[in-house]
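To keep things simple, chains are lettered A, B, C, D, E and F as they appear, and every chain counts its residues starting from 1.
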Amino acid sequence: MKVQVSRKAHFNAAHRLYRKDWDDAKNKAVFGKCSNPNFHGHNYDLIVSVTGEIDQETGFVMDMKVLKDIIKKEIEDEFDHKNLNTEVPEFKDLNPTAENIVVVIYNKLRSRIPSHLDIEVTLYETARNFVAYSG
Amino acid sequence: MKVQVSRKAHFNAAHRLYRKDWDDAKNKAVFGKCSNPNFHGHNYDLIVSVTGEIDQETGFVMDMKVLKDIIKKEIEDEFDHKNLNTEVPEFKDLNPTAENIVVVIYNKLRSRIPSHLDIEVTLYETARNFVAYSG
Amino acid sequence: MKVQVSRKAHFNAAHRLYRKDWDDAKNKAVFGKCSNPNFHGHNYDLIVSVTGEIDQETGFVMDMKVLKDIIKKEIEDEFDHKNLNTEVPEFKDLNPTAENIVVVIYNKLRSRIPSHLDIEVTLYETARNFVAYSG
Amino acid sequence: MKVQVSRKAHFNAAHRLYRKDWDDAKNKAVFGKCSNPNFHGHNYDLIVSVTGEIDQETGFVMDMKVLKDIIKKEIEDEFDHKNLNTEVPEFKDLNPTAENIVVVIYNKLRSRIPSHLDIEVTLYETARNFVAYSG
Amino acid sequence: MKVQVSRKAHFNAAHRLYRKDWDDAKNKAVFGKCSNPNFHGHNYDLIVSVTGEIDQETGFVMDMKVLKDIIKKEIEDEFDHKNLNTEVPEFKDLNPTAENIVVVIYNKLRSRIPSHLDIEVTLYETARNFVAYSG
Amino acid sequence: MKVQVSRKAHFNAAHRLYRKDWDDAKNKAVFGKCSNPNFHGHNYDLIVSVTGEIDQETGFVMDMKVLKDIIKKEIEDEFDHKNLNTEVPEFKDLNPTAENIVVVIYNKLRSRIPSHLDIEVTLYETARNFVAYSG
């Protein structure tokens, strides 16, 4: 009797699509205006979904207050109002596409959420573009 | 060639997170302000998803008018403008967490929707907290 | 050159439409299921809009962090996860209709926001019913 | 390490639920007001989700600009501001229920998106009724 | 102490932008694809806002159940699942642009809502295009 | 008989709250994390509302296709995927607060929209913070 519980969060960040091992011309050819060297940015919306059995004592799969605090500490405090390319260590050598960001978020949360619970992370880069990863 | 069809509904209800076999102090220690003895409430949004083959005669997996009526009779008429703890029999001895509510809703609908159709129920307690159950 | 700045907030509360000087039968006749003596509840969404000149030094009409903190202290801390009828003093003798709630919120904020700024408060009781008041 | 990337699109169209081999009376008996011979219409919202490995060179599962262009050419240019029953060849002999429309859209996109990528199509007929198909 | 109360409603309809006194070529030149002779359609979302003093007895500006019923009878029953051009008498000789529709809706409601109350009608033709009229 | 017509648009941009005539320490003291020297960013949503008489020939206050094109040329092409502080000339010496951005957008549009039409611009910096200006 597994239930999935989900919590929304968000952060605002600057980024550019960019590979250090390519020059700006190649970055622009492949990534277009998303590779603007002066950066652009997004309001990222995040949904973290956790799946497991309902704890018969509490009626919770996982206490949402605990999940909210993990997301705040691991993701919001690290990504919000930051430049993903220059200030977030995980993207030092990794192009911050939505796909790569969602995998990084998943991995950061995976190590903090008990392993008997499955997790899925959905990341909205805009209202029209979003990605999901479940390991 | 299975298609999933979904219908949204909603109800407004009061509740508190509470176990009868715990005193108020323990309820408060575990459930925090959600256990306020005077109750609080939510606008619950509900999505009922039904998966099956398309009926070649009608082009429907299930007539949405029929599904809408089942949701109204089984869920909205029973839960809307009610106190879940004191007025809905299913929660007489069951803590009305979002997880437990979604399982109760699933079970009530499961008995009314033909068994060759799979169902999933998603329940939004707030815009930021939601749960899903598919049996 | 007046600009209006707006901030969204929310709180979850129980209430019933009810006049103490009417019996339950009359309350039910006038207010229907909204007068259920066991209460129901809502996720209230709140928009506070402040209108004034842009401060030439900061570029702000009002610092949104300051407005956010005022809303939290005056409204969210007082109303969230509460029973409006029994726990919020302003509704001791005032029927907590959306109209009366929005006027109470306006008055609480009006005394905390500098008088050279105009304010308007919009309150969503549900996604389909909402009210606005500007003094 | 498969990631799902999604792109939203939309089109506005007229339709009626209708089988040519039934007379208007039978169409009305089965499909109700949705079978109005003078048509009605919807703002259809569409989500196309593509699942696959992240390309290590670009950091993309699929370039969203490419996906956006495929959706525009295959779906929006063909369906937007059209009468689905009389102007879209796929519905010449197929009742344009949401279920049948989503399968048609899936099939049109399936032939244009590389076969190593899985796809799922979600179609909102209204904010309250939606369908999904993944082959 | 005037408060504005608002109620959302919706209807789905077919239409085309079209003047009978112009031929199809001129209609197309001016109105583009919106003038498709086979019609297209929309999910129209409607907000009806009513402004007045709070009734000291009920705490209401206007009973939302009464407003809901007026909107249903005057607008939803007349417009929903209809072809605005051919089935709604008000558009027999009036081009059903969003602007003209919102004025028609306002006039229909104005005659049913007490004259001491001000009204404003907002009509969403799509999520990106909307109009408002207050007499 | 004036009607207001509105059109939504959006752009994604990087910015920081910053005054050149203050050092980074003072900028940080006043603007907090919004003044991060490495920038952050937003998905800005924009609503442009135009008020005027309905043209009796077309049924339009203003052709939405024309308004859409003006917004694209004047705002989206200039602001989208840009760094507002370093790439948009209007903010060379003007702190890009939401208030200042909305005034800049208003002024750019005011010169392109016929003067017999009133305009109002609403700018969402996030889903929770937004501003409006009407001259």
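What to note about this one:
Heads up, the rule we're going with is that a residue touches a chain if its C-beta (ideal position, glycine included) is under 8 Å from a C-beta of that chain, and two chains touch if they have at least 3 such contacts.
What you see is a predicted model; the values in this text were computed from it and never measured.
Chains that touch both subunit C and subunit E are the following: F.
Traced through touching neighbours, the fewest hops from subunit C to subunit F number 1. Contacts with subunit A and subunit D are shared by B. In terms of C-beta pairs in contact, the better-connected of the chain pairs E-F and B-C is B-C.
Taking the mean Cα position of each chain as its centre, B sits at the greatest distance from subunit F. When subunit D is fitted to subunit E on its Cα atoms, the angle of the rotation, on a 0 to 180 scale and to the nearest 5, is 180 degrees. At the interface between subunit B and subunit D, two copies of one sequence, fewer than half of the residue numbers in use are shared by both copies.
Ranking all chains by how far their C-alpha centres lie from the centre of subunit A, first place goes to E. Residue contact pairs shared with C-E exceed half only for one pair among B-C, C-F or D-E, and that pair is C-F. One simple way to say how far apart two chains are is to compare their mean CA positions; for subunit A and subunit B this gives 29 Å. Inter-chain centre distance (subunit A to subunit E, centres taken as mean C-alpha positions): 42 Å.
Centre to centre, using the average C-alpha position, subunit A and subunit C are separated by 34 Å. Among the residues of subunit D, those touching two or more other chains are numbered 127.
This structure has the following touching chain pairs: A-B, A-D, A-F, B-C, B-D, C-E, C-F, D-E, E-F.
Against subunit F, the residues of subunit E that register as touching in their complex are 17, 30-32, 94-100, 102-103, 127-133. The residues of subunit D lying in touch with subunit E in their complex are 10, 12-15, 33-34, 36, 38-43, 80-83, 86-87, 126-127.
Partner subunit D is touched in their complex by these residues of subunit B: 1-9, 54, 58-61, 64-65.
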